Every structure is written in structure tokens, then in C-alpha cells.
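The following pair of complexes shares a single chain, chain A, combined with chain B in the former and chain C in the latter.
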Partner chain A sequence: MKNDSVYYLKDITAPETPEPGENPSPWTNTTIIGKRLPRVDAYERTSGSALYPSDLLLPNMVYGAVLRCPHPHARVKRVNTRPAEGIKGVLTIITGTTPEADVWWRNEDGYRSKLFDPHCHYEGEAVAAVAALDPYTAQDAVKVIQVEYEVLPYIIDEERALDSDAPRVHPKGNLVDTESYERGDVDQGFAQADVVRERPFHTRCEIHTPMELHGCVAEWKGDTLTLHESTQGVYAVQAKVAEALRLPLSRVRVSGRYMGGGFGSKLKAGKYTVISAILARKTARPVKLVLTREETYLAVGNRPSSHMTLKAGVKKDGTLTALQFTCTGTGGAYPAGGVALVDWLIRDLYTCPSVKTECRDVFINAGPARPFRAPGHPQGSWALEQMMDELAEALHMDPVDLRLKNIPTVSQGRTGQPAYTSTGLKECIESGAQSFGWKAARQRNKSSNTGTLRRGVGMGGCVWFVGGGGPPSTIIVKLFKDGSVNLNMGASDIGTGTKTIMAMVVAEELGVKLKNIQIENADTGTTQYATPSGGSKTVPTESPAVRNAAIHIKQKLMEMAAEELDCDFEDLEFEGDEIIVSSRKEQRIKITDIPKLKKQGVIVGVGYRGPNPENKSVNPFGAQFCEVEVNTRTGEVRILRFLGAHDSGRVMNRLTYDNQVFGGITMGIGFALTEFRVLDTGQTGKMVNRNWHDYKLPTALDVPADMKSLPIELDDPEANNTGAKGLGEPVTIPTAAAIANAIYDATGIRITETPAFVPHLITRLNDLAKEG
Partner chain B sequence: MLPHFSYIRPETGSEAMSQLSDPESFVLAGGTDLLGCLRERIFPVRKLVSINGLAQFHGITETEDGGVRIGALTTITEVETHPLIQNRFPGLARGASEVASPQLRNQGTIGGNLCQKPRCWYYRGEFDCLRKGGSQCFAAEGQNQFHCIFGGDGICFIVHPSDTAPPLIALNASAVIAGPKGKKRQVPLEKFHVLPADDLHKETVLNPDEMVTEILIPPPPPRTRSTYRKVRARRAWDFSLAGVALAVHIEDNKVVNSRVVLSGAAPVPWRSKAVEDVIQDRELNSKTIADAAQAVVEGAEPLEHNQYKLPLFQGVMEEELLALTNQA
Partner chain C sequence: MSDKDSKRGGITRRSFITTMGAGVAGVAASGALFSGTSQAKAPEIHKAGEAMRITLTINDHPYVLLVEPRWTLLHVLREVIGLTGTKEGCGRGECGACTVLIDDIPRYACMTLAVEAQGHAVTTVEGLMHGEDLGVVQQAFVQKDAFQCGYCTSGQIMASEGLLRANPLPSSEEIRRGVSGNLCRCGAYTHIFEAVEAAAEMKQK
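Our next item is the complex of A and B:
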């Protein structure tokens, strides 16, 4: 794996932006940044007036629906659309033989297929599509299209994908790739160890289930296509659609001001995007195509399952000597990062001189993966953090102490082992443990754990592979003569509060009230180029550029003020919305009173994102702690409390910060306790739990009321000029492993396979009881 | 999306009954289950007969003999929160409180809850399974972790999804059923649901032209305690993996009479006579409870992926009986 081939930039071209001139150092004091402020668009979002793509109603708009292959592996022999054509309200039907739909779709790593590929490699592959006057007719029409399939043998078990008799997903065979990494000498490391442990771990496939379904509204005006898409990155969608439809980029406008969550599954366009564009062209009407929930379970991404083995060696004093890790995973039917970053924590999180990893990515006949909040990391954490606890127990050491013994200051997994610009791992673990009351809780549980309700505590640490952000980013801020501001930014606000934070940066610099800042974002037609909002990099990427743009305005204002007040530029400083002469404090002028601004009407400031420090790595860190109660009669697990201590540099907005921590923990609880895809192995190969009821997301009752967010706010002047690092992904990395460790602490049972739910636990508890 | 159907909202009971005599017509109560079935096109539906205009089928009243009458249209929430139920039949109140989610409890009715369709994911999905008229039970050799351990008889392995039926059966309740031409019959709820071996294509004894109008619960014998306990994969909005409804009459520390009904165990709410026999006339001490835990899984026939239900039922049984003794 290349260290810096970041998944959210994969296959994306990005421009180079100029370096900002002078890079200011991060603020020492702030008045707005860091506050607990509600979102600037909270009213719109909660009142329903915010228009998400799914809400959009355009004049003359019609609706699309997609017919999907019901088999895990099949060849389309014939499609008879006639029964659908007869339905009143059906406007057009497109299939693999429709000339306009004869379009190539590029998958990753050189694999390409047709938009409607006759060779369907997974259940849910698109076979045909319909546009109709209303969404119900479109769905009905899709149901009556007759398709003759040649059903082919399939493979859905990744552990058997490389067997010689396994059906081949692609002619080249089922191995996508094997990624290896090695440093030091693990054999020697194990030889030096006092304790060596080895254990298999397994995590199940998890499905993205954002609130807003995947989809878009496509509209042609002449030769120009406008797409209103629920996406994390409008420019990424533009690129993919322009490529597929062979359109000039300038003729594809993508807008996505509001979107209802993606978690990585909306980093790019989907086939549905292109299909809606084709339907819109054929019907000469805007087409809304929003997938059904069932379709999204099959066809628009997942967190790959992984089968891992981890062997670890440690000395008596707790120093790790060697880690050896293997993993088999699958991104489904096309290359989709089936093992991407699963080994990263093993390579990077704890100090260890000798590490060897080997990850095998295989094809199976199931829906392709897409990046899922901290790709690979929760899986690797599931293995590593449980192993750390196992080692600690063997050494009679507190799990916290064992981790503290192995805190690195350099990114060991990267070539050249660059230092981190800042690392709060130690503080996260120490302060987290303290605030959680770790030692006392462990003690208390040890002495009181005799009944059938057993309590236990568990924890885990984390680093996130990226999270420092970086260029390119271009921001334009316009200050009007009345002191109000337009902020123009290409980035999407995927629900994390990006817009709010950027407005706060402007307010911090220019003394403008938040309510006087209007934000234009996520529109290739009107906003500047931005990379997709993913990888926990949006704040560290965009906020420095926003700050630079605001500072650019400030400089222009000071030049105007210097002229007006007839003093030296150097003698001026900003205070709120006023400029004052440092040497004569009584001399001051309100920005809006500067005559030149009044005359000009507007000042335009441009900000660019400066480069990251050379030979340094910018990463967020964290540690999470939890307490659980296990009913040993039934195997029920109740999470009593959680604490997330995260170092993501500066806290930009405490409210949205805590939202991320709680949301990440909630998602991690789902990964640990309730969520998994079930395929009909040995029979039809189809997914059986493709709905919101059978695929179980955690509910409010599965998440503890007692959740604490403890920011570990370290200065990081090297990272960027706001000192912020990413947060959205690290917050879900150690959650599941911490829960598994707590279950072990409570019961002595190590759950190595997700989900840790009643069926698994009761079986293990029963075995344990039998063993006596 | 939904198939085409006609919708009728009769004003009188007799009109409702005559509408129901048409083939492929269905009673529509809260619609929480039926609409999902329509969307998935699980069975053909030509007519929906909404009974929501029939006020007489709504509400909870005390009967002369000290029992309770629950109209079929009474919502689950009303059952859960009604003082009569809470005081006299806490097991039923508990069962109702364990149903689905608050929204579904507000909308779903007790009649619909008893008559709801199975939740087997093959049945609800795109699988042409035996119960839907196909040639194969996919659960038999497939993903059967949430299926039954009793009563499948090698045919169909659904579990009955209701959380109100087990406590109702434990309380010896019966259903009043109206049929065409003013006909009425009363069926003990214990005999209301149908095993696959008896009829694979229906879940209740109702004929297509019949409907449940009310549930009658007889007055509880003095010193009867009723409880319901449900274990599920997540803590809300989820069906039972294993549940136990108890109505136990204890005198002088001894079990005089008991009814034990399991959810999540069988295609029908499963009365565990084995447990009842074991605890009959005995004190609920640890030996009795251990014996009861053994008895609850006696004769179970678990499938490949639901073996865990055996220790689970044992654990739940133990816990519930112990809880009874602690209350005493």
C-alpha cells in the first residue's frame, strides 16, 4: 500500500492551488472558535425548509427507477420491456441495448463494465431503468420487465474465494491483490518476547445506512446537465459523470448544498447518477432517481468483512517486540479496497520495532464496498485492542498501563517514520482513564462480580491514518459595505457542521455576526474546486483557507483604514468589527465606516490552503472507555457508559465536536453489537436482511445516556493555521474493541467475532458453564 | 409499489362482514403489518376493509365477572398503559410494552398484533418459499438463526412474532370472532394460532370472511402473578429471540396452577406444558427452577444456526421463575 494514496482522493484529479502568502500562526485567544454554537442552518434543517436532493421538486419532473439483478451471479440473455411499456405513465425504458445507455462505467484498478452490464457480478447490479410520471409507476414498471437470466455459479464466502474450485468472479480469478508490509524482524521479535499470543478475529460486513437515500435529480438545459445529488463531493460527481457520458466538464454542473449523510458511500457518483442523466435526456424532463432502502443495502457500498489473525509478542515490562498480522477481506464483485487500511493500526498505533502484515483482497459475488467511516480501522482495532488486553492480562498489567508503555512519537508505518506534528495519544489514554474513573471501576467490578449481572470496563486507543487535510482548497469571501459576508466554498457539509465551523472562522477574523454570513457551497457551477468531504479532512483542509481568505480581506481593510486614518499600516489592529490605531487607542474606525469600502461596495478575499509540513505526519488520536453489564443467564449486553477522549487539535465548535464523538460511538456500538449483513450462503446467495428492520442499527436504547466527550486539545501550530485536525472518523475506531474488552472484563469471554450479541454470548457463556 | 386494491371503510359491523366475504379481502386495522405485506407483495390483496370506523371494537372495559374485554381495535399503547391491565394483568401490560417501538404501538392494534404475518426474512423477502406457495422452505437449510426450535415439524420454521399473544394465552384469554351472517364464535387464544403441520398457509384459525372483534380475559384467580420477559438482539424495535409469559398461582409457597407460554420458540405462541408439569405443586426453590429450566427445552429441535436458543430459554426461564420467588 502506498502511504499517501488516500482513499477519498483515489481516481480523482485535483488542481494545484497557489500557496497562500504569509501563513498566520494559529490563534492564541479566540472569541468565537471553540464555542458551543448551534449550526448556522439548524433552523432550515430542523424545520424542513432545507432542500435536500430527495426533497427537490422541479417543474415537469418525472421519476426514475432501476431494475436490479436478483441473482448474485448471472448473465442477462434477454430483456423484454413490453409489459412495462404498456403501463400508463411510463415514459421511457432503457436497457443494455438502448444506444444512449451504451456507456462504460469505470470501476477501480482498470476494471470496467457497461452501465447495464449483461454479466451481472452481484445481486443488485443494474439491468434496466424506467422513467415514469410518478415514482410508484416507475417502480411498478420495473417489476414487470421480463428478464431472462442465465444463472451462474457464485461465490460469496471470502474464505473460500481462492479455492481452486471456486467459481470465478472475473476471468483473471478471485485474487484482487495481496498487500504486504514489513519492518524489523518479527521472528527475532517473537524470540525476544516473554509472552506471545496469537488469535483469529473476524468482523462482519456492515452496510452504510445514511438517513438520506442515494440519488439525484438530473436536468438538462440544452447541452448542459445539472445534477442535484446527495453527495459528499460535487466535483467528484462531476468528474465521474462527465467521463461516463463523455461530456465536457464545464457542461456538467453538480450541486449538493444539503445532503443527508454518506459515511463514505457518497464520495463519488453512482451508476444511478448516470442513469438519471440518461433518462432525463431521453424524456427531455428533469428526472428524480432516489434508490429504495433495499437497493442501497445491495448496491452502494459497505464496510468489508475481514478475517484476521494477529500474533503479538511482548516483554515482561510491557514493551511490544513484534506484531504479525494477516487478513483476508473482500470489496465484493469489483476492486473496492476490501482490505484497505485494515492493518494500519497494527503498523502505526503502538511502538513496535518488528511488524509484518499481509492482507489479501478477494472478489466475491456481492455488492462492492465503498469507504466506510474510517475504512479498515475499526476492523484492525477489533483485533489489535483485544490482543493488547490479552497481553496485559498475561503480564498482570493494567491494560491502560500496557498501552502507555508503547506510545510512539513518530508514524512508524510510514516510509521514513516521520514525526507526528502532535500526538495526544498518551494524554487521551491518561486523561480519559482518569476522567472515566478507570482504576476504581476495574477494582469495584472485580470485587462485586459474583451475581448474574456482571459489569466490566474496557478501552482502546486509536490513530487515524490521515486527518490532517491539505491542499487544494480555494475559498472566496466577500465582505459587503454593510459588514455582511458571503462565503464561497466548494466543500459539502455532510452533516458534520462544516458550514457552521467555516462561518465561525470568518466571524473570528472579521468580527462579523454569524447571522450575517451567507454561505454558498457545494456547487460546481458557483463554488470553487474542493475535494470530497471525507477522510476527516474537511475542517483541516478548508478552515485554514477560509481563514486566509478572511485575512486577505482584513489586509485590504487595513490598507483602506491606513489611508483614511493617515497612519502606518503596521500601527493598525483589528478589534471585533473595528480597526484601531495601536499607538492611539482612541482612534478607531468601524469597518463599515471606511469610506473606500462604502464606495467600493464589496471587498473580495481569496484564500488558499497552504501545504502541510514536510517530513511530518498530521494525525488525530483518541482513546475510548466504556462500562458494560452482561446478563450471564441470557447473554444480553447493556452498555452503561462511554467516554471518548480525542485529540483532534483545536476544538472548533464544542457542540459539533461532541456530536461527532457521540455519533461515532453510536456507530461503533452498531458495529460491535447489532449490525451485520446476512447472505443466504449455500442457497440463493442473496442478502436476506436488506431492510431497516432485519438489518439492525442500534436504537436509542442501545446507546447509553451516559456519554462523555473529553477533548484533548493540544496546540498544533505545524499542522495548519487553525490547528485543527480531523475528528469524524477516529471517533468510531476503538469503540467496538473497547466494548469487546469490557465484555471480557465482565465475563472472561473473549468475543472475537462481531456482533457481540445474544446468540454469540449465550453460546459462549453456556460453553463456559459446561467447562465449569 | 402497492398492488391495486379497493378500499372500503364500513360504518357497521354487518357491512364489514359482508365486505369480507369477497375473495382476497383483508381486514385493515392499524395497517402497520398489512401495508408492509402489500409493499412486499407477499400475498394477493384485492380489497382492504378498514374497520377503523367501528367504534364498538375499540376500548378496554371490565366485564361483569371481573375479567376484561379488549376491543380488537384497541391500540397496543392503550393495552400497555390502561390501569385495569396494569393492575390485574401486569404480564400483558409488559408484553404490550415490549412490542416494536412507540410509534408502532400507537398505531398497531391488539387484533392486528394477534393476526400479524410471520417475520421470516425469506417470507418477507424475494423468496418464493413454501408458505407463499413455493416449493421450498429456505430457512430449513439456510439462515435460520431467528427461527423456531419447536413446532416446525420439518415444514416451516417461523416463530410467531406477537408479544401480546403469549401473556394473553398465559392468562387464558379467548378471542371473539365474528363471521358472515351474524355468526359468532369464541376461541381460546391457545387454539387460535395454527401450526404448519395443520395448515401451512394460514397462521390463525380465522376463515377469510371472519374477523376478531374482541379479546376476553377471565378474572385472574387470586394470588396469580403474571409476567412477561423478552430477550432480543437490540433493546427496542425488535422481535423476540426468546420470551416467556408466566401466569402462576402460588398458595402456601406452592405452585397451585401455572401457564407458561413462550415467544420466539415456535410458529405459534408455545405453551410449555413441560415446565408447567415440573413446577406443579412444588415450591419454587432452586431445584424446581433448575428442573424447569431443563424442561423448557425438552423436545426442542433446533436448526443449524439457532442452537443458542436452548441455553437462552433456559436462562430466561430461570430468571423469570426466580423473579417470581423474589416478589413473593
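Our next item is the complex of A and C:
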């Protein structure tokens, strides 16, 4: 796979960094890495003193708000701002006819639109914006601006998007793209199979809704713009804003040291970022523009819905012979990866000689998608893992055994089928099943499932498409003469504990206490270039560069020590915060006692991320197991317990590691049981559940008390010099499918459409009761 | 602001100072949450854009403020006073990111008007600190890693603090209920439960 097909690098031209030179060998034993350590920024985050972008209060700051198109498809005929101009406290109003706001916005694949485009392709497209003294007044102004729309016919049903009479979203028609893939010969594969099954599956559109609303504070000083943005990637935002406003990169500074969640929806700048900059310029005051929760449901991304069909063939002994998959999906009104990676698990997860997939991405008049935690994967998993269970049942095989029968050693879906540097899929499934008590639970439930409350267990495996990270990354570490350290890194910590892990790497190498490490990150003005934090690649990308930077410092220290101790550089080694002479152990010097360091005051170490191994694929793997209880009278599903067994290479911090596992499972529970966008297909084409009351996230009452994280820690010296692979995304991939399989195990009802919630279940339970 | 506007503003403010007591009573009488805080009189009607002078007690400190009647306590905390530890996730009573204690009871600050909070003790996450040191619940959240992005965290901490003030030794089911009005999109619930348990224990000592 080429880099440009990795979604988090789409549209980004990342600079090349130099090769780091000699690669240090993997740690054999560690004193800090792998421990359960609280985060280095835990104080800030729990005391309320961490400043998130939406917390900023700048002198003279005013507030922005955006007027959005209420129709799924419309043309703006006229905007009358006069009623808003009369409101006390309104400072400026910008629309499509404001010269300063006449800005092109580049969407993917060459689709351009204006910042305030007169042709609104989805509900929630920006039409005008206001700056006012306080946020209430800004909203007042938005409400009274009069917009005359020509309401156009719309299409919001992706299954009808290609009908000949379907309204066109763009003049070229509603087909974005068809991606197909083929290996082997599926017809032959099905002919060889003893059992063939085929089934449609459907997953609904899911919305990110991170807790911190999307937004930023924009501030000009002369011709230099500073943006404090809630983002996963300050450099991605910088590039986009500089392009839109035609500014030199050096004149756009983006800072986002804290951010309150993104899950992919904050990988790049939004129109709101540019709008706030224009409002700030026009008012000559800093502008805080934070979207409302409703706006975040409409305009800043989603996980596309998928209409899938999967056909699978298997031999009596459990060997897969063929998989055939089709999918229709939609990224909304602009190209946005509507079917991206939906077929990846079909192609790559289980050994299968013949695979054919065809994925069709269509336009509809709804908000564009954005990458959402493991794009495409939970959808594909929903189909594949349920199909695996169906095959297992047909073969009278345990679902675990069927999967174990088909463990690949090479990445079959990639060109040239490279080997994985490490694959723990087998171990994840085996150890996971054992720790979960899989066999016993299956037996127990089989024999006791007669009453109203029925229990069942389910599982699913996964691989994540990327997760190995790679260049570029540049890290600067400064060691001060008192032994304290400053770590400078461009990457954002989106809540995964990135900063803490990097500090631990420095501490491991230099023997410095965590509390003596200060971190400067996510600021284009003061830190090094970094690609956005996404794709579960931040730790495997940044941590090797951090290690290299620390080792760079070590080398400089050893040179100084060799001079001081009058011995050979080669004869020196590090022990904690001391340097010792290997041949004469009694001869040692504390780092902070090295005279040259004292004189110099500081040593600067620079580290780069080395290349990934050639012709190898670095991927994380996992398997999840759960037990549910279904009330066959009410259709309610209660999740009793969950176990996540994940191979993400070296565990860097067990505490934040477990937190990620539980968090991914929790998000998967939402995808399986409660979350789905509802568009009013009949009358208005509008989204009808644009708030957390009507669109339900899992709460504290929806997650099981019994959650287990079982790291499958395999050595992977080839992956990179820390041996870490990505974690944040794989942990949400198999969750929903595992739940569906458990529901089936409990009730005999296969839920093929998300969410598996009461209305679906009760209908099916009633049908079942009727059939007797 | 034009000259005329500022004059109008001045007159309005003065008239409010004189009618403020009655105004507060009106609000209190209409708000079921805070009924019984003062004698109910005929309600006064205030225009949305007109400021009122109120006194709020936040973290034991009195603040004299000019607020519009429609301003929420959340807006006043964050954008007027600058106590930004309290977060906004939805502004409409769905997520709990804005949770503060009002007379020891967890409340959504986005669903509480600033004028309603008069005469009550408001505690925010900053109010749990002992100088620069973290309070007990905050310490437990650090130890158990009970957050990821940290944006729901102040609200979770305040909900937990409120729970423990009312029920010093909650069962695990009571803990889950106690924080069930607080969404965590990062899904840190498991660690949050552990943190509340640990905090309860620490508070016993």
C-alpha cells in the first residue's frame, strides 16, 4: 500500500526526515516502559488547569457563530443581514458576497467549493457567520439573518443514489468511485467448498461527537495568524488554513496542546477554522468560534453507513475457500472515503486463497464523512465475523476453532503478500478464549438457556490495516545541567497518553525521573513537524524517534565522560543516571557531575524516525470476547462482561493501555447497540436525531462492570526500535460483531443490521415466538 | 456601542438594582429546583439582553456580577469569571461535562441560570483543590487513570464528589448510577468506577 492511501495522510505532503543512522537494538529489560504509570499531564487534566482551545479567554476576545443551511440541497439566492446588523453587540457579519470571505475550499479529489458556497450540498453547509461580543448575541444574530433559498430535490438514500431518476448531488452524477479487488478464483473456490453461505449486512451511520466541541480561537498580530484549535494535527491545520487564506506557512501558527477528543473527526481543519480567522481579521479582535453540539452532528464527519453482502465458502475441516464481498457506502456530499477500507478484513484477516470485493461509493446530500476510529473496519467486521460464526455452526465447529484454522502469516490483501513482522492473532484468540473461559461459558449457556433471560457468548478477531507508523518524525530532547529534560514533539496527545509514553521512553534511556521531564508539544510555532495523531500510529511513529533523540544525548554525554575519565568511549556504559567504565566498575560519574555539561548548561539531542522494514507489514491484531444476557420478553440486551486480547507489540504503559482497550470496547458497544444517524427520507431530508438525547452514546450504565484487558505482548524487533504497534483503533474493531454473535448464541437470532436494539430484537423475537 | 445605547444600558442597570430582589424571587419561584429560597412575590419580567447585578458564591468566594437573565451559570463560570475547569459538551443537559455542585448536589451548570444560583454555594472542580494540591477525588482519578482526553473529567469528578458527600461508601451499582449522568466519549468508565471506589476509601482515612 502506498502512503497516500493511508487516510490520515490523505491531502498531506509530509516532509521527509533524514535517516536516523544506526538503529538501537530492542530493550531487553525495562525499568520504566510497560509500568502502570499515571499520566504526566494528569494534574492539569484533573485540576481543571489544562487549557483546552475552547477554554481560552484572550484579552478583547469576541465570539463567532455560523449560520448553516437548513436544507439537504439548496441554492442560496439572497442573504439579508440587515436584521442582524441592528442587534447591539454584533460586530461583523460575513457571507458569500463578503470580499474577505471569497475563499476557495478544496475538498478531496478535486472537488472545490467556496467557503460560503451558494450551492449547498448538505444540511449544515456554512452560509454566513457572525462575530459578536458574547456567544448569545452571536446566536441571536444568526437566527435573524434572512436567507432566501431555492430548495432543490435531494437524495439521501444511498441505495437509491444511482437510480436514473435520482437527483444529482454533483453534475457528474452520484457515483464517486468503484473499488475492486480480486485474488484467486472465487467461482472455483465456491465449487470446492462443502458449505457456502451468503447474507446481506448493514451498518448505520455513526457520528464521532467527541466531548470537546469542534472549534478554535483565532487571533491576528499584524499579518500573523495564531489559531488555538482543538485538533489531532496542528501541522495539518496549518497547511489547510495557509492554503485557503493564501498565507505563507510561517504566518500561520497553530497550537493545540490539549484537545478533548477527536476520533478522526479532528484530523484536519474545518471551514470553521478559516471562518474564525476571517472574523478575527474583520473585527481586529481574537475570535472564539466553538460549534454547537447540533452542528457537530451535521458538518464535521461521520462513519459512513455500509450496505454489504458477503458470500463465503468453507471446507468440512474449516478451511476457507472463497470470500466474495460487495458494499455500497456513502461519504456524503463530497468525496470522503464512503467505502474506505470496508473490505480490508475480508481481504486480510483470515487465510483464504480466493477473494473478490467490490465497493461502491456514492454521493448523497448529507454531511461528508471523516475518518472514524478504524475507518471501514468495524463495518467489515460486522459482516465477516458474523459470517464466520454462521459457517462454524454449519460445520458444527467451535467459532474459535474455525478462526484458528485460518490464521495467516502474510498480509494477503497487500500487493506481493508481505509477511507480518509479528502476528499475534493466534495467541490473541487462544489466550483470550482461555482467559475468558470460552468453552465453559458456551457449555453452561447451552444447557441452561430456556427461561426469559438467555445468555450467550460471542467473539471476533481483528487486524488493523496500518498501525506500524513510520517516518517522518523529528524529536528534540534537551538535557539541562541539573539533569532535568525538555522533550519537544509536534504530535498531539488526543487522550491516548502519547505524552506520558514519550516521557517514559526518555526516562528509560536517560534515567531521568518522569517528574523532571517537561513536554512541549502540538504547536507549529515551537515544535517539530508531525503528522496528525490518528491511524494508531502515533506511538510507533514518535517513540522510536524519541528513543533516538535520547540516545543522541547519551552519545554526547559519553563523549564528555570519556574525556573526563580519560578512557575509551567504547569502554563506557550507562547505568541509571550514571556513566560507568565497563572494565573498572568503581570508576563512575554522575551525569550531572560531568564538568562539560555543567559549563555548557544543556545538551540537545535530535532523533528521527527510521524507515519501516522493507517488504514486511507491521500490523496490530486482536480478539475480543463477550457475554450478553437477552431478555426475550422485552428485547433488552445487557452486556455482562468483555475481554479484549490485543497484540499491539510492546506494552508501553499498562495503565493507559488498559484504558484504551476499555475505551475501544465502549465505543464498539455504542456502534452495536445504540448509535445511528436518522435522516428523514420522507419529507425534509434532514437529520432528526442531532443531539445526545436522541442519538445515544453508551453511558456508565451500558458498559459491563467486568472488563478485562489481556495484552498479548510479542517481541517485534523489526517493527521499530521500541517494538510498539498501534492500539487505539484495533480495540474497537471486533466489538460490535462479537456482541451480535453473542446475541445469536443466546437467542438464535442473527441481527444483521446495526443497532441491535430493542425495536429490532423485539420484532425478531415475536416472529420467532409465532413460528413456535 | 452608540451613545444612546450606553445611556439606555445605564438606566436599565440602575432600574435593575432597585428591583433585583423581586426579580430573584420571581426566578426562584418559577424554578422548582430552588423553591423555598425566598418569599415568592409577583414575578418581574426581565428582557433577555438587559443586565442584572447578582452575587454568586463560587468556591467560597463572593463574585458580584452583571449578568443577563438568560445567561447560564456555565457561561458565567467559563466566559465571564474564567473558571474554565467546568466544561461545555452540549449546553443542553445531555452530557454532564458542566457538572458543578450546588449546595453539595451535582447539577448541570448549563441547565442552571446564573441568576438561579444566587444564594447557593457553587463548587467547581477548582474548588476541590487545596491550594496547589489536588483534592481526594482528583488524586484518585490520577492514580486510576480515570480519563483519556480529559474533557468530561471535571464533570465526572464533580459528580463523584457529590455522590461521596451524600453517600460516603457507595456500592458499585451506586457508583455507576452516580456518574451515569456524565458521558465519556473516550469510554474511560471502567477506570472512573475504580477511581470513585478508591476515593471513597481514601476519604475514610
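Just so we're on the same page, the second predicted complex is superposed on the first by the 768 of 772 C-alpha atoms of A that agree within 3 Å, B and C clash if a C-alpha of one lies under 4 Å from a C-alpha of the other, contacts with A are read in each partner's own complex, and residues count from 1 in each chain.
FYI, a residue touches a chain if its C-beta (ideal position, glycine included) is under 8 Å from a C-beta of that chain, and two chains touch if they have at least 3 such contacts.
These numbers come from a predicted model, not from an experiment.
**Q** Given the touch rule stated above, what does A:Thr666 touch, chain B (first), chain C (second), both, or neither?
**A** Only chain C; A:Thr666 stays clear of chain B.
**Q** In the overlaid three-chain picture, which partner chain does A:Thr681 touch, first (chain B) or second (chain C), both, or neither?
**A** A:Thr681: touches chain B, not chain C.
**Q** Pick one for A:Gly261: touches chain B only (first), chain C only (second), both, or neither.
**A** Touch status of A:Gly261: second partner only.
**Q** For A:Lys88 in the superposed arrangement: first (chain B), second (chain C), both or neither?
**A** In the superposition, A:Lys88 touches chain C alone.
**Q** Would you check which partner chain A:Thr699 touches, where first means chain B only, second means chain C only, and both and neither mean what they say?
**A** both
**Q** For A:Ser47, is the partner it touches chain B (first), chain C (second), both, or none of the two (neither)?
**A** Once the two structures are laid over each other on A, A:Ser47 reaches chain C alone.
**Q** Name the contact category of A:Leu57: first (chain B only), second (chain C only), both, or neither.
**A** The answer is second: A:Leu57 touches chain C but not chain B.
**Q** Quick check on the superposed pair: does A:Pro70 touch chain B, chain C, both, or neither? Answer first, second, both or neither.
**A** In the superposed model, A:Pro70 contacts chain B only, not chain C.
**Q** Given the superposition on chain A, which partner contacts more residues in chain A: chain B or chain C?
**A** Partner touching more chain A residues in the overlay: C.
**Q** Does the superposition put A:Phe757 against chain B (first), chain C (second), both, or neither?
**A** first
**Q** By the touch definition above, which chain A residues appear in both interfaces, chain B in one complex and chain C in the other?
**A** 135-136, 691, 693, 698-701
**Q** Given the complex with chain A, which residues does chain C contribute to the contact?
**A** Checking each residue of chain C against chain A gives 1, 5, 48-49, 68, 70-71, 75, 78-79, 82-92, 94-95, 97, 124-126, 129, 134, 138, 141-143, 145, 147-154, 157, 172, 176-177, 179-180, 182-193.
**Q** Which of the residues in chain A come into contact with chain B in the complex?
**A** Its residues touching chain B are 70, 135-136, 139-140, 452, 631, 633-636, 638, 673-674, 678-684, 686, 688-691, 693-694, 696, 698-702, 757-760, 762-763, 765-766.
**Q** What does chain B use to touch chain A in their complex?
**A** For chain B paired with chain A, touching residues are 1-2, 101, 121-122, 124-127, 138, 141-143, 145, 231-238, 241-242, 306-308, 311-312, 315-316, 318-319.
**Q** Residue numbers of chain A touching chain C in their complex, please.
**A** Residue list for chain A touching chain C: 38-39, 42-43, 45-52, 54-55, 57, 88-89, 134-137, 208-213, 258-261, 263, 290, 292-293, 494-497, 655-656, 658-660, 662-667, 691-693, 697-701, 703, 705, 707.
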